[in-house]
Amino acid sequence: MRINQLISSVADAGREILFNKNQKPVTQSLHDLCADLCSNKGEALGTALAREVVVAYNNANKQQKIDFFFHLLTSYSANPSEVLKAAEAYKSNADYASFKALNDIVEAPRQNLFRRINMAPGGIKTIVQLRQDLLAAIKEHPELKVIDFDLKHLLNSWFNRGFLSLEEIDWKTPAHILEKLIKYEAVHAMNGWDDLKKRLGTNRRCFGFFHPSLPDEPLIFVEVALVKGIADKVQPLIDPDESIDEIDVDTAIFYSISNCQAGLQGISFGNFLIKQVVMELKKEQPSLSQYATLSPIPGFGKWLKRELDNTDSSILTPQQRDSLKALSKDNWHADETTTDALKIQLMPLCAHYLYKAKRRSRPLDPVANFHLGNGAYIQRINWLGDTSDNGIKQSMGMLVNYRYEIDKVEKNHECFVNEGKITVSNDFKKMLP
Amino acid sequence: MRINQLISSVADAGREILFNKNQKPVTQSLHDLCADLCSNKGEALGTALAREVVVAYNNANKQQKIDFFFHLLTSYSANPSEVLKAAEAYKSNADYASFKALNDIVEAPRQNLFRRINMAPGGIKTIVQLRQDLLAAIKEHPELKVIDFDLKHLLNSWFNRGFLSLEEIDWKTPAHILEKLIKYEAVHAMNGWDDLKKRLGTNRRCFGFFHPSLPDEPLIFVEVALVKGIADKVQPLIDPDESIDEIDVDTAIFYSISNCQAGLQGISFGNFLIKQVVMELKKEQPSLSQYATLSPIPGFGKWLKRELDNTDSSILTPQQRDSLKALSKDNWHADETTTDALKIQLMPLCAHYLYKAKRRSRPLDPVANFHLGNGAYIQRINWLGDTSDNGIKQSMGMLVNYRYEIDKVEKNHECFVNEGKITVSNDFKKMLP
Amino acid sequence: MRINQLISSVADAGREILFNKNQKPVTQSLHDLCADLCSNKGEALGTALAREVVVAYNNANKQQKIDFFFHLLTSYSANPSEVLKAAEAYKSNADYASFKALNDIVEAPRQNLFRRINMAPGGIKTIVQLRQDLLAAIKEHPELKVIDFDLKHLLNSWFNRGFLSLEEIDWKTPAHILEKLIKYEAVHAMNGWDDLKKRLGTNRRCFGFFHPSLPDEPLIFVEVALVKGIADKVQPLIDPDESIDEIDVDTAIFYSISNCQAGLQGISFGNFLIKQVVMELKKEQPSLSQYATLSPIPGFGKWLKRELDNTDSSILTPQQRDSLKALSKDNWHADETTTDALKIQLMPLCAHYLYKAKRRSRPLDPVANFHLGNGAYIQRINWLGDTSDNGIKQSMGMLVNYRYEIDKVEKNHECFVNEGKITVSNDFKKMLP
Amino acid sequence: MRINQLISSVADAGREILFNKNQKPVTQSLHDLCADLCSNKGEALGTALAREVVVAYNNANKQQKIDFFFHLLTSYSANPSEVLKAAEAYKSNADYASFKALNDIVEAPRQNLFRRINMAPGGIKTIVQLRQDLLAAIKEHPELKVIDFDLKHLLNSWFNRGFLSLEEIDWKTPAHILEKLIKYEAVHAMNGWDDLKKRLGTNRRCFGFFHPSLPDEPLIFVEVALVKGIADKVQPLIDPDESIDEIDVDTAIFYSISNCQAGLQGISFGNFLIKQVVMELKKEQPSLSQYATLSPIPGFGKWLKRELDNTDSSILTPQQRDSLKALSKDNWHADETTTDALKIQLMPLCAHYLYKAKRRSRPLDPVANFHLGNGAYIQRINWLGDTSDNGIKQSMGMLVNYRYEIDKVEKNHECFVNEGKITVSNDFKKMLP
C-alpha cells in the first residue's frame, strides 16, 4: 500500500480502530499528549509532558500500541506534495533557505516526537521498547516499516559508538546487571547463578557495551576464556570440572556473543566490541598472542536438511546421503564408531557450507557473515565441539574458530567486502572438496 | 551563491586554496582520511580511523579548517537532481523503498561523516570544536551555513535533554571543572578562586548540565543565592562582606546563567535548567517558596542611546533628554542627588523597553525574551541593582527580577508564544507610561 | 596453668612441637619474620615484611598455627617481674617517665606485632582470621586465652563504630557481597539467589556495617520488612506468595540479624546497627511509626526440655506435663486441635522463660538479653510465628516482637542494666502466671 | 609534679579554675557528658551521646579545654595503688584473670573515653583536634603529657598504615582538598592556585595518605617532579618558565614533603609514603630509574651561626670566618664573584654538618635524620639550589639530594640504626674535610 493512500484510508476507515469504546481514553490521551509535546506547550513544561507520554505509552496494551503506530503513520509523516515542491525549489535555488526547507519537510515529524519523548527520565528506554513493539507489529502490518526507518535512524545516531562505554563485567558487578547476563545469553544458556559464577571465574572474562542513559542494561556482551592454545570444545570452557589454574595462557577465546536489546536490532555493536576487547585484553595480559572465536554454525543443520530433502542436490553424493542416515539415531554423538564415520562426511560438507553457501554473494551463515565481515578469517572446524542438545541439533556438534589477527583485519575485511573473498587457513582450505 | 554553482566553482578555482604547497599534506590527508572513514574501511578499523581524523582536524590551522569546510560542501552535499528524482518517486510510489531512498538521498553525506567522527574517543569534543570553528568561518563565508544546518541538527539530537545530567557544583567539585566556571562566567565576572569560593559558600548554589561524553565540560550553569525576600542588588550576593548566616531563607535568586560551549550555540538548555533546579531546590530546602532571577538588561543601554541619537524619537520627552545628560558625568551613580533624579526618568523608560521594544513581535532584550519565553513574568525593576562598571554601562545599573511561579509557567508561556503577551506584576504595570 | 610456668614449660618441653621435622620451615620462618617485623628492619622495609608474615600465616596449617600461638605466648608476653618493678616505680614516682614505662611494659609485645601485621595489604583480614583460628584453638588450649585478650582489645579499637559505615544492601549490590548474605544468614536460611532476591524486593530492606579495610565483607547485617501493623509470622515476610504491593506501610520489622565474622565474636555492632537503621528508615519513609523485631527464642526449647526432664521442677504443673506430651507427635504444628491445646500451655511458659529465666541476673535467652540490653521492651509472643523445622524445634514455632520506641530506649536500658528490670507490654504482663 | 599529688592538688585548689562563673556550664556539661558516655547510658544511646561530647568540646574555648585536660588527668587516670596490687597478683598468679585485671587497671580510663568519642560522626576529627590543643597546652602544663601518651598510643593504632590509602592528587581532585595543599605546604610555599596548578601539571605528581574517616584531609603529601637526571635546583621545578615537555624522563625528584595534621605529630607516615610512591611511579612510568629527593637543610644556618658565634669552635678556620663575612651582604647570592668564593667554604662545612653534627648519635638535621633513617643515602649537595628568601636564610641556598635505591634501603637503614653509620656517595665523601 502506498503511504498517501494509507494515510487517507486509515484516516477514514481506521476511525473504528482508533476510537473504539474501551480503549479510547488511553489511545486518545496518548495522541493528545504527543500533540502537546510537539507544540509550544512541550517547550514550556520541559520534561513533564514527555514523562506523561512515557507513562501513557507504557500503560497501553498491544492493540493500543498498534493504533498508536498507525497514528504515527497518518499524523506524523512527511507530505509527498510538499516534499516535491521543496525538492524543486532546492534544485532551482540551491541556497540555504531551500536547503533548510527541504530537510525540514523531508524529515518525518515523528522524528521530532521521538526526540521529545527522549527528554523524559527513562525516555530512551521507552523508545527502545517502542521499537521492539513496532518490530513485532510490522510482521502483521508491514506498512509500519517506514516508522522503523525513522526510529532506526535515530537510534543509530544515539547509540553511536562514541557514546558507549565498554565495561568489564565480573563477579563484583551489581546483581541486577548480572541477572541480565543469565537472561540474555543467547548462545550457551546458563542455568542460574552457579553457571554464571563459573563464567566469571579464573581465566574467564566478560565485557559489555553500555549506554550512559541505560546504565542497568548491557547492550551486547561477549564471554571470553583465556586458555593455552586455540580451544576446540566449548563444554570445558563453560563448565570446568575442576578449578581452573592460572596457567600460562596465550589465547583468548570468544565463545559467546549476545545482543541484549530486541529494540536495538540491526544497530551494530559487535564489530566494535570484539576489537576493543582484544585491545583491553592485550593491555591487561601481555602474554596473550592469539585471539579467536569458538562459534556456532547456526545455519548448517537447516542447510543440510534442505540439501538432503532436495533429491536433485549436486552437493551430496549418494554415499554421503547413505552415511548421514546415522544422524537419525538417538544420541548418535555418544557412539564413537558412528561419530568417526560421520566426521569424515560432515566436516567437508560444513567447510563447503561456510565457504560456498551464499545469498546475495554473502555467506549464508549469519555468524560466518558477521565475523568475516569483521575482518576475521576461518581457522578451523572442530568436530563435536559442542555436544549440548542445541549444538547437536543446530550443527551436528561442530564449532568454528574465526581468528582475529589485528594487523590482517583491514585487508581481510576489504577482500571480503569488495571482492566477496573469504580468507581461510591452509588447513581449512585442504578440507574443501 | 547557489550550492551547485559553488560546488563546481570551488572544485575548479578552489584548487589553489586546497592544494597550495605548505598545507597540502594536512588538508589532503584530512580529506583522504574522511573518505576512508566513510567507506568500508571505516567499518573494519572501527574507531581507529575516526581517531586519526580527530587528530588531523585538531592539527589543522585556521585556513586548513576553512578548506576542509569547503570540502564538506563540495564533496558531502546532497545532489539536487537526485533529490528531485527521489521526491518524484516518493510522490508517485509512496512506499517504503521510495521513502527510504528519499531520506537517504536528502540527508547530506556529511551527517554520516560527523557520526563516524563521533565514534573516536574525544570525537564529540572535536565535533563541538568543529562547529565553533565553522560558526566563525560562516561570518566570512556565509555559504558554509548549510553545513551548520547539518551539524546543529545532529548536536540537537545528541545533546537531547534525556542524555544530560544535572549536577550540583560546589567546593568539593574537581578543580579542573571549577576553573571552567571562572572562565565561562558570562554575567558577573569572577576574579579567580576567592570569588569562586564565595559563590559556592553558605546559602549559595550552583548547578550545571553535563553530557556523559564530555564529563569535564559544563554545558551551561546557573548560580543561585538563597536569601530572605526577593533580592534587589547583586553585589551583596556575589561579594558578601561578612560570612553569610544560614538564615531562614525563603527565596532562591538565579543571578547568573552562562552558556559554556560556543560550539553548542543555539542548542537550548536554559529552559530545562531553571525548571529542574527549582525542583531540586524545592526538594532540598522545603522552606523555599519564591523563585526569581536577578537579571541584567543587556540591551537597554544600546536602545536608550539609539533613542537619544534619534532626535525624532517619540519615546523621549524633552525633559527626559535633558535629565539624561547627567549620565555623561563620571561616577554619576555614586552621587545620590543625581541618582534620585535619574531614577525617576530611567525606571519608566526601562519598563517601556522591556514591555514594548520588540523585534518580530518578540522582546528586543534577549534576556527578557529568554525568561518570558520560558514562562516567567516580570516582577520588578531594581534601581542600581548592579553598580559594577559593566552594570552601569549596560543598563544604568538596573536589574530585573523575572519571577518563576511553577503553576503559572505554562499559561504565561502560552500567552507569550501564541499572543505575544508579556505577563507582568501589578507594580511593574504601574510604572508603564 | 600460670603464664610464667607456661612460658618455661613450653620453652622446654614444647620444642618438640615447635621444631618437629616436617613443619619446621613454615613455623620457623613465621617466627623469624615476626621477629624481623618487630625490629628496625620492619621499619625500613615498610609493608613488605608485613606482607610476608601475612603470606606465611595464611600458608600455615592448623598445627602450625597452634605452634605460632604458643610462640606468641612464650615470646611476646609481658614479663611479670618487670611489670611489678614498673608498678612500684609508678606508685612511688607517678611521673611521666614511670607512667610511660609502666604502660610500655604491661602491654604484651604481641600487640605491637599485630599492629605491624596490620600494615600489610590484607593485614586486617589476616588478623580477623587469626582470631578465628585462635578462638578455635582456645577450646583445646585455654591457656591461649590471654592472647585473645590482646587481640580483642585491638579489634575493639579498630572496629570502633566511628570507623564503620552503614550501607544499604539491595539488588544493585555487587554479587560477591550478596553471596555472603546467603552464606552468613544465621536466622532464616536462604536457599540461593531466588530467596535472596525476595528479601531485597519491594518493601524489604537490608543494611549492614562495613569496615573500610574490609570492603567486601559485611560485619553484621539486618533484614527488614516494611509492613502494615506488627508482623506475627515470619514465613510471609521471607517467602511472599505474590508480589508485594507498596502498601501504606507503617511498621518496620527486623526479622533477622546475622553476625558475619567469627573472628570478630564478642565485638558488638548490633546495638548500633538497629538504632541507626531506625534513623535511616525514618528519614527515607516518614510514614513509618513502629519499629519492632520478629525474633527467635533460641533457648526456649532447651530450657523447656530441662524443666521437663527435671521431675522436681516447680515451674511445670502436672497438667502441663501431660499436655506437652503432644509435642512428641510428628508434625504436631499442622494439626489445629493439637496446636490449640498446646498454645494455652506454651505461651505462658514462654513468657515465664523470657521474663524470669536468668543467669547472673540477666535473661537466659541470648536474643532477649541482646534486645532488652539494647533498650527494647517485650511486646508480644506470637504463636506459630515460625513453622520452619528449625523454628518448631527451637521454640515450638513461637517468635517474639521486641519493640524499639526510640524515646524510651534510654530509660528501658537503664532499668535493665541498673535494676535488672525487664520492660514489657501490658498484654505480655497478663500472660505471666 | 607527681601525678597523685597533682590529682589531689587540682581536686582542691583547682576548683576555682574549673568552676568559675562564666565557663561553668560548658566545662561542667562536658564533664557530665563524658561521664555519661563512659557509663551504661553511653551504650544505650549509641553515638548520640558521643556526638554531644564532640559538640561540647568544639564549643569550648581555650581555657575550658585546658580545664578539661586537667579533668582527664584527675578523673581518668589509673590508680597507682590498684596498679601495684594488680601487678603483684599477676606476678604471683600469672593466670588469665590476673592478666586481664592488670591490663584493665593499667590502661587509663581516658583511653576508653577517647574510643567512645570516636563513635560520633566526626569523632576522629575531634580527637585529632583535641591532641593538637593538648600539645599546645603541654607547653605551659607539662604535667598533661601523660594524657598525650594515651592519645598518641590510640592514634598510632588508628592511623596504622593498613588503614591508610595512598591517593594521587592532581588537577582533577576536588577543590576543598586542593586548597589544603596550599595551606599545608611546609617546604616551598605556594602563592595560590596558579602555583598549585603548576605543581600538578605535566611531569609533576603529588601523592598523599588519607584515612577513610577523614576523607577530606590529607595526612601527609609529597610533591614529585619527573625530570631527566637528578635535579639540582628547585625553582625550575616549582615555577617552570615555559610549558614542560613530556621529555624522556628517567628520574623522580621528591622536592617537598609536608605533614598536614598538627594533631598527628610524631605519628610517622613519611617513610611508608616515599617507598610506596616509588612503587607507584615505577608501575606507571617504567622509564624511571632514579629516585632522589631535593631537600632543604633546615638546621644548617642555625648551626653555622652557632659555630660562628662560638669563638672557640674548632670547626671553622680563621680563613673561613673571614670569607663568611660576605654572607652579611644584601643579596650576596646574586653576585657571582661572591658566590664563587663562598661556595668553596660553605660546601665542605655543609657536608661536615650533615655527616658529623649529631645529637644522641643521630644527625642534628631533622631532614637528614628522616631520610637516612628511612634507608636513603646522601648523594650530593647542590650549591644555590634554592634561591628563595627562605632557602638563602635557612641554608645559604643549598639543597641536598638523598637518594633512594630500593635494594639498598634495608642495608642503609640497618647500618644507620644499629651502627649510627651514614651512607654517602663517593663524590660527597671527597668533600668531607
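We just call them A, B, C and D in the order they show up, numbering each chain from 1.
To be clear about the criterion, contacts are C-beta pairs under 8 Å (C-beta built on N, C-alpha and C of every residue); 3 or more make two chains touch, one makes a residue touch a chain.
Owing to the predicted nature of the structure, the values given are computational and were not obtained by experimental measurement.
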| item | value |
| --- | --- |
| Of all other chains, the one whose Cα centre sits farthest from subunit C | B |
| Rounded Å distance, subunit B centre to subunit C centre (Cα mean) | 61 |
| For subunit C paired with subunit D, centre-to-centre distance based on mean C-alpha positions, whole Å | 39 |
| Chain centre separation in whole Å, for subunit D relative to subunit B (CA means) | 51 |
| Sequence positions of subunit B contacting 2 or more other chains | none |
| Contacting chain pairs - touch in the sense defined above | A-B, A-C, B-D, C-D |
| Parts of subunit C lying in touch with subunit A, wherever the complex brings them together | 171-176, 178, 192-193, 197 |
| Touching residues (chain side subunit B, partner subunit A) in the complex | 2-5, 40-41, 43-47, 50, 80-81, 83-84, 86-88, 90-91, 93-96, 99-100, 102-103, 106-107, 115, 118-121, 123-124, 142-143, 145-146, 149, 153-154, 156-158, 160-163, 212-213, 271-272, 275-276, 373-375, 409-410, 412-414, 417-418 |
